[in-house]
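Please go over the structures that come below.
Here come two complexes built around subunit A, the first alongside subunit B, the second alongside subunit C.
What follows is the complex of A and B.
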């Protein structure tokens, strides 16, 4: 179940750059969605896709920090694709959110990467990358 | 450690508003990155959370967000850098930090001093024009 949700995340993730594999994975996944159970030999392929996008709990932590920073109400829907600008954050808010993420995950973000972050998903992907490097 | 942190040579003039913006963000990041050591120096661990200090710094920056003259922005950044270096090298004391950055509008004055006084006197104490 968890791998199914993770693979659906990787479909919507814009930053995943494995184009040919994504198309073939779509075909594989549509086959597995139609049936209740999927053959176990599909599992390794689906698990490999998880490494490309950010983990759901990372995205959730990012969403939580964003909500607290911008003082958004709890029922406001914030997902991977929300841009910071649409949520009402100006540039100082974006920098502050990045600083909050730095503190939360114990990473250190350089200049160019910080400039390019516009959505929640990009932030989560960058965090994953930095955590892997450590 | 403290003096090496603050030895950022701020060049005298920002060429454009965009460069001044970049400098402001640089300053904000430096300040946020020195928050852990500030909490260590003044033992603020039970008093305030780092996120609270971050939002205080951000609101101070936002107070001057309407400024468009790059020279004024440079001057404000210089003063801010000076303040930050004073704090980081322990030139201030704990009650300064708590009064100026942790507490709200009134700071350390609890406000019982002038409670029975008339409005005229309150305005008079504050400024010449009311």
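What follows is the complex of A and C.
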């Protein structure tokens, strides 16, 4: 997991507080690297879209819950970019997934937010945002 | 009444669809397909062929053959169904264009000309991996939802209901002691709620599930239904909304069916011309089981369509 400090990034108009080794406070819009424009030898392990990505542990937990809800085989590739709809989740599955996330992380998700998440990454980001508010 | 379409051309010109008259006001058409019955690769290719490039891309992106197939059939069903109504001679399954309204609800984008006004045709689709359905009305908003009867719910039904359903609905479900029955009633309620939200067409945030109650209401029947002194009551499904005044929710009527012995189907349509206290004008429903370009079967009145409530 890459840890980014303020000195190695420049961004504009972002108000955030930095906790060491945590990037999840950053506003999504102001920080997105596709990873392709970045020569990999300059920044280690920056392969994925940073965009204040949730911790991998969070993403992995979401993946686990999604796989369980949709009864997907263990070896099926599900990652941050996976869309629920593409994995075969209908609205009832999505709501069940959100319930599973609420139970796992001890959070409470508003109905409107629950229906608006469409990818694993969005779910993970939402979880981290809610965890912070606690 | 089984209609076989033997006109399928050997040359790959446009395969034919048996034309159908548009539904009358207060009439709903329901078309459905079972993916398991579509096995021909060439037929699947024909379906893929009538999709727009964007739809094709979405279909092929689905993860897994079963998902791809039901996604493909959903698009093929809506295109062939609308084309059947022969709105004008220019329309073919492939030529239809779709767009989303401001809330994201799909609708037909009619290609206007100066002297032609399209009919007020409304449609809505729903699909599971084992059934794909399309409902059609004229002049009425429509929302449909289908779910497998035996769909498993991973969570405890009452926990789920407490979290997402209204208090009245929770009480209704909590009063059911048999867990199997409770689960099935839950699924019926879910399809009804989904159908209502889809009919409203405002997206989920337009009507969060907790803000309305769907329930069964007894309706006293007169005339020949009152047999031998017993008050046989029909019941209808009604929606109470906490946010909107009742005058708005009485605009909606519901049908709940068991389809093909395997699915619950809920259909929500707009009522027109009814005011508070008016008797419910019965909705006419015609149901077809179809394999577009291959065969259509009108299954209304057969075992494939069992009314649970509303007709």
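Criterion: the second predicted complex is superposed on the first by the 83 of 134 C-alpha atoms of A that agree within 3 Å, B and C clash if a C-alpha of one lies under 4 Å from a C-alpha of the other, contacts with A are read in each partner's own complex, and residues count from 1 in each chain.
Convention: a residue touches a chain if its C-beta (ideal position, glycine included) is under 8 Å from a C-beta of that chain, and two chains touch if they have at least 3 such contacts.
It should be emphasised that the depicted structure is a prediction, and the values quoted were computed from it without experimental measurement.
Subunit B and subunit C, once both complexes are superposed via subunit A, clash.
By the document's definition of touching, neither partner reaches A:129: not subunit B, not subunit C. When the two structures are aligned on the shared chain, A:86 is found in touch with subunit C, with no touch to subunit B.
Which of subunit B and subunit C touches more residues of subunit A: that partner is C.
Residue contacts after overlaying the shared chain place A:112 against subunit C, while subunit B stays out of touching range.
Of the two partner chains, both subunit B and subunit C are touched by A:95.
Comparing which residues of subunit A touch subunit B with which touch subunit C, the overlap comprises 68-69, 91-92, 95-96, 99-100, 102. Listed in rising order, the residues of subunit A touching subunit B in the complex are 68-69, 91-93, 95-96, 99-100, 102-103.
Those residues of subunit A lying in contact with subunit C across their complex are 68-69, 76, 82, 86-88, 90-92, 95-96, 99-100, 102, 111-112, 115-116.
Residue ranges of subunit B in contact with subunit A, taken from their complex: 21, 24-25, 28-29, 32-33, 50-51, 54-55, 58, 61-62, 65.
Those residues of subunit C that touch subunit A in the shared complex are 61-64, 66-67, 128-129, 147, 151, 153-155, 159-160, 163-164, 190, 194, 203-205, 208-210.
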